[in-house]
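First chain A sits with chain B, and in the next complex the same chain sits with chain C.
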Partner chain A sequence: MAVLLDVYRAQFKVALALQLQYRVQLVIWLLFGLVQPVVHLTVWSVVAQASGGSVGGYSGPELAAYFIALMVVNHLVFTWITYEFEFLVRQGTLAPRLLRPVHPIHWHVVDNLTYKALTMVVMLPAAGLMAAIFRPELHTSWWEVAAFVPALALAFALRFLIEWSFALIGFWTTRVAAFNQALDTVAIFMSGYFAPLALLPPQLQVVANVLPFRWGLAFPVEVLLGRLSAGEVASGLAAQAIWVGLAFVIMRLTWKAGVKQFSAVGA
Partner chain B sequence: MSATPSATPARGAPIIRVERLRKSYFVHERAAGTAAALRALVRRTAREVKAVDDITFTVAPGEVVGFLGPNGAGKTTTLKMLSGLLHPTGGEVDVLGHTPWKREKGYLREITLVMGNRNQLQWDIPAVDSFELNRAIYRIPQEQFRSTVRELTELLELGELLHKPVRQLSLGERMKCELAASLLHRPKILFLDEPTLGLDVTMQRRIRSFIAEYNRRHDATVLLTSHYMLDVEALCKRVVVIHHGRLLFDGQLSELVSRFSPHKTIVVEPLDAEVDLSPFGEVVTAQEGRVTLRVPKAETARATERLLASVPIADLTVEDPPIEEVIEQVFAEERAEDGDPVAAVTAGV
Partner chain C sequence: MSLLRLVAVFLRVAALNELQYRTNFYIAAVRSAMRLIVGLGGLALVFSHTTSLGGWRAADLLALLGVYYMIDGLIYLMIAPSMNRLMEDVRQGTLDFTLTKPEDAQVLVSVRQVEIWKVTDVGLGAAVLGVALGQIGEEVGAAEALAFGAALLAGAAIVYAFWLMLATLSFWLVRVDNLMVIFQSLYQAGKWPVGIYPGWLRAALTFVVPVAFATTVPAEALAGRGSPATLAGAGAMAVALLVVSRRFWRFGLRHYSGASA
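The block that comes next holds the complex of A and B.
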């Protein structure tokens, strides 16, 4: 454990140095992350007003709270590994990493966390500014704030493991982007990114509860906004834990099969 | 031509044991044109390519072995299987008691693979930062890390290079840093794939003498492929010649020359520059009063004797032909045996 911490510390320094090389790129990516929630928020606020002040149980200020929290949470849990992995395989940079006595996934975890740590410096003031403009309304009690922490951590783990496994398709085909597009399209609706899941037709809400996407984004947001009962929070955390366990197994199996494939056809 | 059995390891039990190693790839192929492209959508035809075909050899600790062969001979594929990157199609490999492609951590800490055409150093940051990362990854104790960096800095004359972003370094400077990064954990075995690729002569020599010095100091085992014959001549007493995935020769470099070269070269400086020496052998060059003759090996002594007896001579030396020529000879013989009419293989050694 101490050894892994040392590796993480060293990787963090490298990741930080690398990311500070590209400050402009960092800001541009961040801006993209800010624009979409604002658009969604504006659209749904208009819809809420038009339908008599609320839609799907969300008032205008509650929608504001939802999308501002969503923006921050999504920023904390998102990954870009599916874009990167194909590149790693094709460029041949993955091969030397396979010959190091540490699993390549650790580098991506550190890289991801470093980026988050750096960009939160801009993200939090941006969220504050949006709060000042859109006047969100929260009904959060202390225990929900406490429950938000594990919900967020599990969401991060879940997103990371699923998307990392998904990226491993790059071992078999160099067209991961197409698969990724399909996954993204489903995720946008089923994760609560486009709109709170309460706005979906009831049948789709059932589907969303079964799929992993909600547990990787909307759930921690709902916990933070105080929209769930204690029972719902507890069963949600359990669902997250089950999905994380499942995703871990999937990741291990895909990795094993992928590396085998990779080292069979020419690393 | 049959493969020579491995040279008997001079220094103890083998550290690398390779037995009947094979690696085949399936490549999809189709004819040119749209019709063929459409047909390929429905049915793809695959052809088996034997990159490595039944290779057996052993390496003793501390040996420096050079792999020779033209492009596509199977040298890199062999190194990749020995380092653990590639899973073989058949055969057995034992390196330091490990099966390489299992990539056990204990194994990976004992070896290194350096590829002249790939980098492991992060492009945008100074090499010294990547070194620090390797220290953590390979669990190198601080004290040992510092002394190793000091040693490598001195041997490779790294100095200021370590503190510049890698992308600002020249190809040669980068290779020096790559080598240093790959050796921080003091691997017992070095797999070097074209470590001098694209470097100028001075830098090639620097890298070469570094590898020799490293081998001497740490008794490290080195397996090296190179296109530059000088690398092999300077570093490797033993060479393994691979062609079309098969092992053609395994033994001392000197033996390679004596076995495959049916000729010797006699360089003569006759007192009379105009004298015709063609009766004594095949005249290869005649410039500035020096004549180079090629004679069948068996007749070297007689030709020399006759020359000395019948022509007034200022100087005479008998030499082995250049190693490049010998290697070409090896591949030429193999082609003839294959009955390969194309014979388009360039002996890239």
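The block that comes next holds the complex of A and C.
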């Protein structure tokens, strides 16, 4: 454990130095995360106005709160490994990392957290600006803020493990773009990214509860907004924990099988 | 005419090149299908809660979605790849080879690189547009069809001129691909009518990054809700941007000394 901490500390320094080279790029890439929530918020606000002030139990200001919180939470939990892994395999840069005595996932955790830490400097003011423009409304009590912390941490772990398992398809075929697109497509609706899950048809809401996507994004947002009862929060945290466990097992199994038949490109 | 001939030649070469890699076609087709699901699913969800969005009916927004996919396909079929190639050539000094060719350099750099499978997005957009027309077809007369064609042409010209000006910046700045990301992220807002956005965003989507002209204006013209003034504005903007971008390109070219020379 102490060794791992040292590894993390050293890799953090490297990641920081690497990312600070491209400061403008860091900010510009944030735009993707900023524009979409504003677009979706606008669309649903117009719908809410047209249907007498609220839609699916969300009023205009509550929608604003939902999408601003979603923007920040999504920024904190998203990963880009499904896109990066293909390049790692195809360009042969995965091979040297496999030789190191620590699992390559640790490098990605550090890289990801460093990026988040750096970009929060822009993300939080952006969220503040959006709050000033769209005037959100929250009904959060202290215990919900407390419950939000583990919900966010579990969502981060879940996203990492699921997306790593998925990225490992790259061991068998280096053409993973179509798979990624399929995953993203399902996630856009099932994670609450396009619309709060309460707006989905009832049958799809059931599906969303079973799939992991809600537990990796919408759930922490709903907790923070104070939309869930204590019982729902507890069972939600349990669902998250179960999915994290499951995803961990899947990740380990795929990794083992993948590394076994991996022959480095260029070797 | 020589422009059309060149476009045809480069398209054919790209197609022949890509036919070696059939899997790429299936991947592109799957990706287009996924985009279709996202687009249609979003519309279905919105219209399960309302019957009109800012005055647009479902069929109108379907037409808008079709236009959005078509312009997007066009951008990534030819405009974006050619402009990326241009920036790369400026950086490496290989633009010299293009400049020595006996054709207009602007024409050459604009059509030179083609990602042929993005044709699936153009086809997808046309199909969506066709379905939308099937629903609002009776309302579309000759005047609307003509206005739509003109608006689409103007929109495509505006987008092209905008990309050319951004790419021309690479004569002075080494890395402009980040500026392209700004366009890409804002273009996604064009999937919905710009009229629903708050004023500051609508202004940005009209004048800073001309997304409104590329998607909303043609779809409005088709639905017969576009005013002659908007259409004239789009036409004037297209002509103005084409002229300005051409001048800017030539100005930039005079600054180019070749990275190797």
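By our rule, the second predicted complex is superposed on the first by the 262 of 267 C-alpha atoms of A that agree within 3 Å, B and C clash if a C-alpha of one lies under 4 Å from a C-alpha of the other, contacts with A are read in each partner's own complex, and residues count from 1 in each chain.
Going forward, contacts are C-beta pairs under 8 Å (C-beta built on N, C-alpha and C of every residue); 3 or more make two chains touch, one makes a residue touch a chain.
On a predicted model such as this, the values are computed, not experimentally measured, just so you know.
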Mind working out whether A:Thr185 is in touch with chain B, chain C, both or neither, as first, second, both or neither? second
On the A-aligned overlay, A:Val24 touches which partner chain: chain B = first, chain C = second, or both, or neither? second
Considering only the touch criterion stated at the top, classify A:Ile133 as touching first (chain B), second (chain C), both, or neither. second
So in the superposed three-chain picture, is A:Ser51 touching just chain B, just chain C, both, or none of them (first/second/both/neither)? second
For A:Val221 in the superposed arrangement: first (chain B), second (chain C), both or neither? neither
Figure out whether A:Ala177 sits in contact with chain B (first) or chain C (second), or with both, or with neither. second
Given the touch rule stated above, what does A:Leu197 touch, chain B (first), chain C (second), both, or neither? neither
Using the touch definition from the top, say if A:Val39 reaches chain B (first), chain C (second), both or neither. second
Between chain B and chain C, which makes contact with more of the residues in chain A? C
So which bits of chain A does chain B touch that chain C touches too? none
Tell me, which parts of chain C touch chain A in their complex? 23, 26-27, 30-31, 34-35, 37-38, 41-42, 45-46, 48-50, 52-54, 178-179, 181-182, 184-186, 188-189, 191-192, 196-198, 201
Looking at the complex, which residues from chain A come into contact with chain B? 3, 6-7, 9-11, 13-14, 17-18, 21, 92-93, 95-102, 260, 263-267
Touching chain C in the complex: which residues of chain A? 24-25, 28-29, 31-32, 34-36, 38-39, 42-44, 46-47, 50-51, 55-56, 133, 175, 177-178, 181-182, 184-185, 188-189, 194-195, 199-201
Touch list for chain B against partner chain A, complex: 25, 80, 83-87, 101, 103, 105-106, 108-109, 111-113, 115, 118, 120, 122, 124-125, 129-130, 132-133, 135-139
